[in-house]
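Following this line, the structures themselves.
One chain, subunit A, appears in both complexes that follow, with subunit B as partner in the first and subunit C in the second.
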Partner chain A sequence: MTEQIIFYMLTAVVLFSALGVVLLPGVMHSALCLGLCLAGVAGLFAALGADFIFAAQILVYVGGIAVLILFVVLLAGTKADLTTRQINDAWLPALLICAAFSWSFDKITRYFSGIIATTAPHPTIRAMAGALLGDYAVPFELVSVVLLASMTGAVLFGRRKAE
Partner chain B sequence: MTEETIQPKLSEPVFNHSNGRLLMPETRYWPTQMWKSPWSLPTYRRGAAVLAGLITGIAGAAWFLGEAGPRVAPLYSAAEQFALSKGVPAFIISVLWTFIKGAILLAAPLVNALFAVWWERKISAHIQSRMGPMYVGWWHGALQTVADGLKLLLKEDIIPETADKFVHMMAPVVVVIPAILAFAPVPFGNELVYADIDIGTLYVFAVGGVSVVGIIMAGWSSGNKFSLLGGLRSAAQLVSYELPRTFAVVPVIMLAGTLNISAIAGLQAGYWGGIIPRWLIFYPVVGQIAFIVFLIASVAETNRIPFDIPEAESELVAGFNTEYSGMKFALFFLSEFAYVLLSCLLMASFFFGGGAAPLPFLDFLPSWAWFLGKVLILMFCFLWFRWTFPRFRVDRLMDFNWKFLLPVSLLNIAAAGLLIWFLS
Partner chain C sequence: MMLSHYLAVSGILFTIGLFGVLTRRNIIGILMSIELMLNAANINFAAFNRFLYPGQHLGQVTVIFIITLAAAEVVVGLALVMAIYKNLKTVYVEKYNILKG
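Entry: the complex of A and B
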């Protein structure tokens, strides 16, 4: 009962804020809606009992990526950003593609809908740490090499020319 | 110059021509005379006696009341039995209990703001040789913050013409809600936790970081260049200082082996050689560096001097909260003091053993009293810094973070690894 109320509330938040991201005029409003949408997704994770994913979602997406996007909007914003229409003439194909994706997702999730955990969720952090730093240590480190490469590239591009 | 010429015996207030102040008989040589022998001043003696009496009184009350945490569970089961016997469904009881616990938790930042604002004004006043609020309330302006709160409630709520109305209205809410939510996994004593979750540390840092969004919203939506600059600076500063702040806690997590805050606090019980407490700050080098980095980054996270460049009065009016008035303005302050309290609670749990007594024979006091004492001492440091350090320049603020604090905290993680390898 409680779970369902919370689920539908969070889903409404996620869906309406996601619509706001693409429909609202003004880049700033879209960016704020994106933050709300990501926070709603974090709430869904929490409702499913995925505690680590919930905190990581808030930490990385709401506290990191949404803030960086807001930062970019503040720094690189122009006056036209406030009133630009978000929808162009390609809205019908976009809608069709979205419908197709939603339909496919529905098919996939329907297949798994019978598999619902009946036990209470338990903390995942120890198992996750064991997997990340034990069994999957090499892929984990490889991913961080990719991040390091992108950071080095950013520094290289951002560096002033030495003249 | 003899003592006679410096200290003529006067019974009336006199005007001191050298500094242009009216001197009262009791206080006319304060504070210069204080450095000689503070106990020669009757006001100083009286103040020290009042302070000692307050501390003894609070400690005595704490000893009388005893441990609070273990009393909650029987209370809850009794209330649950009573409600079940009256035919209330269990689902409603659990929801109600959650709301009641939430309301009790909400009281922590609210009462803290009432107290801390008054305390900050008193500390600032005494550092600057003033008296601070003295009239409202019966004792040393004790009800000044209540009066200020009422004034702020009655004030007109001004929304600027150029403001984005909805975002302007929502910004204080977005700032204050994470500040309250972040208190959920923080212990106030043994078994005094709202939600004893396994990822407590991560949760606090994650939720606390969301307030930046509200600050950016406030800065952008006000339609004021000072607000916008303040919001930008604040976003840059908070995002930057979050890194060393989080990295400073990593050695704590490595040494404790858990993310649960009350478990980290609980692991520090006990004494080395029966005298030195097993607090994390007493781990050689690693503990001290982690604490200092965490303290500096926490001061920066709460936008307080010397890191208050987002709201620097002399250059930005008041930064992101320039265009706020009334209760919305008060909400920003509420969240600032809530974060100060949160940082102090976290430091008490991470580095100072939580509810553990500093000496073995002092453990007759309950854990919540030790928590309160440690938090108050740490909070005094926060308020003390504000009135003793000058403000950082904005570029030096960033240099200090990226070129000093971050490398130090990363090295500290490596040192913690070495320490664990050495200890095992």
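Entry: the complex of A and C
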């Protein structure tokens, strides 16, 4: 019973704040809603028993990406943004595309209906560490190269032009 | 809770993010909607790991990789947004039409 209550509360937080991200006119409000939505997704990870992902989601998404987006929202923008409309003219085709997508997602969800968890969740940090430094060592190192490249790219694009 | 509950949440979140990508005029709003879609995929990975392969962890390893790559993506994307904003002084994507072609 407690599990159901927690799940539906987290779902309400995630979906309503996601709607806020997409529909609110002010980008600042959207960015704050994004932080709330990412925190709710972290709660869903905790409900799924994924302990390390829960911590990583809080650290990387809520603490890193949401704050970074907030900084950019504060840097890029003018006063006129508060009064101009933020939705383009293609909202009706977009709504149709989203209806098609949600119809197919509904099909897939029905295909997987009735599957319940048979075992209790258990901590996976030790096993994940073994996988990251064992079988998945090469992708792990490649991801660090990607991070280095993105850091270099961010510095390159963000620096002031040499006069 | 059943697997289909988590799949439904993830599907709705993905659809909301898709609607945002298709309709927002502000490029920062589009980036935020892309983050919503990535999070929907992450929920799916964790849920399939929990319900179909209990006792294993490879779905969660995949989520870690996705989170890392999403962080890299958003850093480069925001740096590009700031570079474009410095040149064009606007954040609306329909004004980004200086590419000759």
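To be clear about the criterion, the second predicted complex is superposed on the first by the 151 of 163 C-alpha atoms of A that agree within 3 Å, B and C clash if a C-alpha of one lies under 4 Å from a C-alpha of the other, contacts with A are read in each partner's own complex, and residues count from 1 in each chain.
By our rule, contacts are C-beta pairs under 8 Å (C-beta built on N, C-alpha and C of every residue); 3 or more make two chains touch, one makes a residue touch a chain.
As the structure is a prediction and not an experimental result, all values here were calculated from the model.
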Superposition on subunit A - do subunit B and subunit C clash or fit:
fit
Subunit A residues touched - subunit C or subunit B, whichever exceeds:
C
Partner chain in contact with A:L74 - subunit B first, subunit C second, else both or neither
first
Which holds for A:I58: it touches subunit B only (first), subunit C only (second), both, or neither?
first
Contact-wise, after the overlay, does A:G35 reach subunit B, subunit C, both or neither (first, second, both, neither)?
first
In the superposed arrangement, which partner chain does A:G49 touch: subunit B (first), subunit C (second), both, or neither?
second
Looking at A:M1, would you say it contacts subunit B, subunit C, both, or neither? Reply first, second, both or neither.
first
Smallest Cα to Cα distance in angstrom from subunit B to subunit C after superposition equals 14
For subunit A, which residues belong to both interfaces, subunit B and subunit C?
52, 56, 64, 68, 75
Across the complex, what residues on subunit B touch subunit A?
91, 95, 164, 167, 197-199, 202-203, 205-207, 209-210, 212-213, 216-217, 219-220, 228, 231-232, 235-236, 239, 242, 259
Mind listing the subunit A positions that touch subunit C in their complex?
3-4, 7, 11, 14-15, 18-19, 21-22, 27, 30-31, 34, 37-38, 41, 44-45, 47-50, 52-53, 56-57, 60-61, 64-65, 68-69, 72-73, 75-78, 81, 85-88, 90-91, 93-95, 97-98, 101-102, 105-106, 108-110, 112-119, 121-122, 124, 127-128, 131-132, 136, 139, 143, 146-147, 149-151, 153-158
Contact residues on subunit C for subunit A in the complex?
1-9, 11-20, 22-26, 28-29, 31-33, 35-36, 39, 42-43, 46-47, 49-52, 54-55, 57-58, 60-61, 63-65, 67-76, 78-83, 85, 89, 91, 94
List of subunit A residues in touch with subunit B within their complex
1-2, 28-29, 32, 35, 39, 51-52, 54-56, 58-59, 62-64, 66-68, 70-71, 74-75, 123, 125
